[in-house]
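Please find one structure pasted underneath; my questions will follow.
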């Protein structure tokens, strides 16, 4: 299943819709262990992305993703803005001039994106952040591709891993981000950034496995 | 039933106790149509009076009452401080050098006291103030004395009139004091000052009709 | 009841002690009777200005003591007018031989207690003039009320008269300035919540989550009307309308626009209100030449705001701009 | 949710418009990207100071723009770090040829966004130094946290560094002053209530009527511990103790004592807290030589307070006393 430019746009639209639908939910998660803005931040950012997409809809995938990254950096703010922004800027750099990607190409781009995000935020798995959903999702995707599993199933497995990683944040004590100020009180609550990361992968699956 | 100096002191002690007992009630009344301080103001004032009484307990009634008036002026504050202060200062002026009063003497002193209070506050019956309890109480007292009714019964009638006057404030729209800022919204609530005035007469009856 | 206090009966004295520790360069505190007075009092030859009222409106009045504003402020119990001995002793402490102006907010208790104090001070040979502030348009001034409340314009009068006194005007002239400011100012307030008086332990009135009070005063009492909560812009219109209608402000007038927090409303909301009030004033042809934005005449932790519009001429503008050095207002020095 | 706002998404821009209307003599407002900058910017030859953060902490930072303090402030959405384009454009607007200091509060988002902006500014040839404030003692600074939050000392640093820049010190020197202030300051906060972020519609956390949070930040998040409500004096002791223990303040040190309202706590309560904090500091042998009391770094309408203690030497005292002319702080001019 090649991922064409229109698929990338479909993914971004699907993610934007998931963020709008889950705005209150993400806000609620970010109230228990944060400052109640993650839902609004992501919704604002991806509404801006939707507004920008028509201007790059005829460009290559790399240009589209870099445009997404820059838009997020300029509109989201907070911790998630630069982190997701870096994710998309890196993914855009890895897919420059491409009009079509294999799922393997995409996993490489995602790997670079996650590495960039982790380099900027300096969080590791277990710190109770979006990294806790992103890294398992990437591993599952890479593993499935390496095992020769078909694309749709590979995507489903990465989403399942993202979901599990998201849920795994619940018992963790946060070591990064605003939740770390709560120390032990952060345990028992699901991380908002891990949730929006899960939704990002879910949107991939929703858009690409129709 | 002559009212001796010790009777005056007994009355003041009884009133002080009634104000302490009704502190929350007066506060509540002053919350519906005021600023929630009448109960505390009066309790503070009469606790100070109790503390001052020993220093004048051997003086004439006029000196005692003037001391009460000055203490109230210095400790109560708000609208009720100067008004009740004037009441007692005037009563003290009318009873200067007296060690004993007949009930008729007392009614003359109270009349002067109420006149002084009304001159200072410029409120009339019907304005929804302490005057609405004080004036009926005075009239009932004077009428009973003129009718030759025995002292204890005269006091009971004046207290009953004070109580009725207090209750009569409920439907009134306030035209004086803080409650007047609420205009029609002040109707339906009993006036706090009328209530503390009723209690003052009740204390007279409690102390003098044992 | 959630407050940062110790015993309710100690609130006033403990706050005074904090003021005493905090501002020794500006004020001194006298206890029993309680009042705050400028550290360099008495200022010989200058009209002294004394005000006061119940506590709970901070920084009014104690935060306004100092050069260019009040010589002394008398704090009563929370929401309770101070007693005559406070104003008498404060008056005597700051009297500089040129007479004393009492600025009295129009509440029965404030009027009665200040009147008694003025009588006592005159009996001791001090010349006193008293001016009453009554700028609140929420209440009708009629035979059937205790008159309009003194609210926001009081702050402006204290500053402007403080400057007039500082530049050596006579008692009569300073009192005239005070009457002029009062006559040229109008105010209106609203509340999103009531407040809790320390000794009462619960809010003075309950306001449902979707309702607000329009036409409130500064003592936590209910207002003229209760209605469903509206937007900031609609609320600003509801406050500005009676203000503009009441005083025949004329197109071309210079005005000071004072947007005040009742205590619990934060600055970001005040600026949203200011924005709309400024636009309304400007559209009415007024020129907003000065402003004051913040918590200056409060009602404990009440959420809400009040707007005061003061017409200004060149003299009032000069007096407003003159240096002032108090805990709550400072410029030019 | 009871606020004086219109649409939640317009809160920041409407407040900016209010600031623009209110203080044209002090600041200008740039929209898209949003920032507030001093009206006379750029001041040639002077180190420019830029800060910023989420909105909802007013007057911080926008109220601190002007002579003697910040050259520009970048307001994000409520409680949301501003974006790099805001800091980049603000930096370019106020750069006077002597470099720019970024004062950044230690929150992941603030650090990341300011870092990106600094990189972009350097790419355009502007010399940038960044100093992070992290004075909050409620959080342990360890490998297992995102580090200590930047809170009250940020206000003090902005004033002191503003003065250092105003008197012509170099970028390196001003940055050193900033690091010194940060190193010598410690803060601790508590809350009686949470706050409601406009778009959330309800409080960020619920606090029972008889409980309080100790060790809160400024973004409405819960604190380190929840416990039963105590008296003001006990609370002051609970805040002062970790402050005094954390920085080896020594007997004889001069300090600035900053008692801050989180937004909903009124001034009378702040003075009660100040009284006890002053007594504790003095009893520890410290000399409280300066202070700041009021709502300066807030969390919308949160009821609560924070205390900041800053050790001062003669240079810092001089810089603190130097003239400043901003919407929220003004003296000496």
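Assorted remarks:
Chains: A, B, C and D, in written order; residue numbering restarts at 1 for each.
Quick note on the criterion: a residue touches a chain if its C-beta (ideal position, glycine included) is under 8 Å from a C-beta of that chain, and two chains touch if they have at least 3 such contacts.
These are the chains along with the protein names UniProt gives them: A, B = Dihydroxyacetone kinase, L subunit; C, D = phosphoenolpyruvate--glycerone phosphotransferase.
Keep in mind that this is a model prediction, so the values were computed, not measured.
Inter-chain centre distance (subunit A to subunit C, centres taken as mean C-alpha positions): 54 Å. Mean C-alpha positions place subunit A and subunit D at a centre distance of 32 Å.
Separation between the centroids of subunit C and subunit D, computed from CA atoms only, is 29 Å. For subunit C, the set of residues that touch two or more other chains is empty. Residue positions of subunit B in touch with at least two other chains are not found. Taken together, the touching pairs link the chains end to end in a line with two free ends. All chain pairs that count as touching, in label order, are A-D, B-C, C-D. The part of subunit D that touches subunit C in the complex is made up of residues 1-6, 11, 14-19, 21-22, 55-56, 58-59, 63, 192-193, 209, 212, 229, 231-233, 235, 263-275, 278-279, 288, 291, 293, 295, 298, 300-301, 303-305, 327, 330-333.
Taken together, the subunit C residues at the contact with subunit B in this complex read 33, 54, 76-85, 107-109, 112-113, 115-116, 138-140, 143-146, 149, 197, 199-200, 204-205, 217, 219-224.
Listed in rising order, the residues of subunit B touching subunit C in the complex are 27, 31-37, 40-41, 44, 73-83, 120-121, 173, 175-178, 180-183, 185.
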